[in-house]
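The following pair of complexes shares a single chain, chain A, combined with chain B in the former and chain C in the latter.
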Partner chain A sequence: MKRGDVLENINQRFKEEIIDVIDKSSTRVYIEIKPCSLVKVAKYVFEELGARFNIASGLDVRSHMEILYHFIFEEINLLISFRVKLDRAKPEIDSLTPIFEAANWIEREIYEMLGVKFKGHPDLRKLFLSDDWPDGVHPLRCDYKEWDRKAIRDRGV
Partner chain B sequence: MARTIVPIGPYHPLQEEPEFFTLTVEGETVVAVDVEVGYNHRGIEKLSEMKTFDQSTFVIERICGICSTSHPFAYTRAVEDIISMEVPERAKYIRTVIAEGERIHSHLLWLGLAGHFLGYNTVYMWAWKLREEILDAMEILSGNRNNYAMFKPGGVRRDIKADDIPVVIKKIDSIVPTMIMLKKAVIDDPVLGARTKGVGILSKEDSIRYSALGPTARASGVARDVRKDSSYGAYDKVEWDMIVTSNGDVFDKLVVRVLEIFESIKIMKECLRSLPKGEIDSKIKNIPPGEGIGCVEAPRGECFHYVRSDGTNRPVRHKVRAPTFMNLPTYKATVVGQTISDATIIFAAIDPCYCCTERIAVRNGKGKKLYNGEDLIRLSQEKTEKIRGGLK
Partner chain C sequence: MSVKLKALLKSPWVFHISTGSCNNCDIEVLDCLTPRFDIERFGILLAGSIKHADLLLVTGSGNRKSMEIVKKLYEQAPKPCLVVAIGECALSRGMFIHSYNCPVPVDKVIPVDVYIPGCPPKPEAIIAGLVKLIEKVKGTLKKKGK
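Presenting the complex of A and B:
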């Protein structure tokens, strides 16, 4: 499969779902899709086209939340990042874990760091933050304030 | 049969990452496993947003003590991807040399630890002795045994002196005969084979489902190597082979790593010999708004960095994904159905930033301690002795 064919395939199949395509360079393409179609697109790319799931990056850009799902086509050296934009007040998206196990941990990480809910995730626990970390405080959100200076000071840190 | 929970962790003093495993066992057989991480979460992604692009390189270098080059390598490549630029030829070669030196010493470190877990302290001593030579070579090249601080967005910070090259090549060559001996001793040893063959198998399908990376994937027959797939640095300019085996057990992971050491030696020597002349730094003035992705093959697999810039001198978001993040969850597929005495080596087989066996404690239902870390290593070593006795 060639680079053009892959992009053509995705474009044809998900004409309705694609909002924007940025063809940045020969190896990097960013495609913005509607959040509701993520599972469909990811399933197609992972299972039919045989791409590898690199990772997802979550960001808070003040006006909205963004998650980029990076998939790499190893044979043709093409990295496609599917971008979804979520409502900042109530960020929610379908989980990819039922399709491939590789999404399990990263969804847990984005959940605790940014507070995005993954619907259908089998085991949405905290991954990195400590057990006494308060609920609803998400350190990678841009309005995050150090949640309790006194508690940290009293621990002698 | 009664189920017992075996907690392992959370502090792992042998390597750098504290993890907490909960093994559910029936008799000697592991039936379920859960992994908890985050005991040492340092918030480096957040920290990186507060530093300038140049400063971040050094923060990132501190993520890992062993693969301290792969993170700055991936980060600088991500920053260069924002600008869509290529670094000078000479810088590419120097970067490759440093990255390969790191791979050699990282694999040797793992080989030594694996030997120790299996009761082969001779392998441990030999491997770590060879590793010293490589660390010395790295000290000649960069001034540091570890945390080389060679990288910067746009190039490298230090040049390699022409006078140093023969010395370094001689140092690398000096480990080859011993390495060949060690390879034979490890791969042909019947006891080691009995301990590792067929143990902790990661199937090809699981490997794809978990997106396993690096030697963990290559041992399962998935030909996946960033150096070949999306070549960077000088990897496409020198001759080398990707090592792929098909069984996915601990033995195959061992074979992949041992053979990769030889490939790395080849790449490193070839790069040093054919080092092109020219600039080592393309002197980036400013970084425009945009986003970039950098992937490199770290010793444990693909290291992935995503950087977004808004045109200021600091990244607005810096996502770091280390290879162990993808490789760790494969435990669920490999450990279940194996015995506790094999669990130690299966955990070690993916070369996680795995750490401890010192703090392992096995408790029964009433919380009474049965085994600690030393006991578990002893258990593992006793099994080897038993097999060795049986073969005589």
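Presenting the complex of A and C:
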């Protein structure tokens, strides 16, 4: 399958779901999709087109939350990033873990760092943060405030 | 100086703890232990377990999770136990001072005897620091200007 065929396939099949396509370079394409159709698109790309799920990355950009799901087509050296924009007040999206296990830990990390809730995730708990970390505090959000009163933030000189 | 401390200084065995460092300080520590800088000529030997160690080399900025482990390790170490903080991160957390995951420096959790600054400190600096530690405990460390 060629690069053009892959993009054509996705475009054809998900005409309604795609909001925007940014053809960044010969190896990189960003496709913005509706959050409700993520599972459908991911399933098609992973199972039918045979892409590899590389990683997901989450961002907090003040106006909204954003998650990028990066899929790699190794034979044709193409990286497609599916971008979903979520509401900052109540960020929720369907989990991809039922489709591929590789999404499990990265979703847990995005959950603890940004507070995005993944519906249908089998085991949504903390991954990296310590056990005494309070619930509902997400360190990589824009509005994160220091919660630990015992923390020392000067160098003592 | 107690007998224990005197015996310890003949050949202090070190145990190396990384509390979330970028591994640069660890590479320098490793450099010290290997033949080029050969810290073994001062009798310093790497121990496999904390329970055999007299000296703790602590590197890294001290994460919330790893500091709990450092506390436990320090409790397991046979006393008297001396602690050396290596690198800017272990001294004052360096550039991670405002990080959500590094609330307190290492010396607020366990008592530190010698601070070796640098990012990373050169092996020479680590050797100088360890020699100073031995001199300090022996009480022969020369004060500046005397």
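Following the convention adopted for this analysis, the second predicted complex is superposed on the first by the 149 of 157 C-alpha atoms of A that agree within 3 Å, B and C clash if a C-alpha of one lies under 4 Å from a C-alpha of the other, contacts with A are read in each partner's own complex, and residues count from 1 in each chain.
Here is the rule we go by: a residue touches a chain if its C-beta (ideal position, glycine included) is under 8 Å from a C-beta of that chain, and two chains touch if they have at least 3 such contacts.
Quick caveat: nothing in here was measured; it's all calculated off a predicted structure.
With both structures placed on the common chain, the touch criterion links A:Pro139 to chain B and to chain C. In the superposition on chain A, A:Arg13 makes contact with neither chain B nor chain C.
In the superposed model, A:Glu74 makes contact with chain B only, not with chain C. Which of chain B and chain C touches more residues of chain A is settled by the count: it is B. Legend: residue contacts after superposition of the two complexes on their common chain; A:Leu59 is shown touching chain B, with no touch to chain C. In the overlay built on the shared chain, the residue A:Lys85 is in contact with neither chain B nor chain C.
Of the two partner chains, chain B is the only one that A:Lys126 touches; chain C does not reach it. In the superposition on chain A, chain A positions 129-130, 139 are in contact with chain B in one complex as well as with chain C in the other. Chain A makes touch with chain C in their complex at residues 129-130, 132-133, 139, 144, 146, 148, 150-156. On the chain C side of its complex with chain A, the touching residues are 63-65, 68, 92, 97-98, 100-101, 103-105, 108. Contact residues on chain B toward chain A in their complex (touch as defined above): 37-38, 41, 43, 45-46, 81, 84, 208-211, 224, 229-231, 291-293, 295, 302, 304, 306, 308, 316-317, 319, 321, 325-326, 328-329, 332. Within the complex, the chain A residues that touch chain B are 24-25, 27-28, 30, 52-55, 57-59, 61, 68, 70, 72, 74-75, 77, 79, 81, 100-102, 104-106, 126-130, 139-140.
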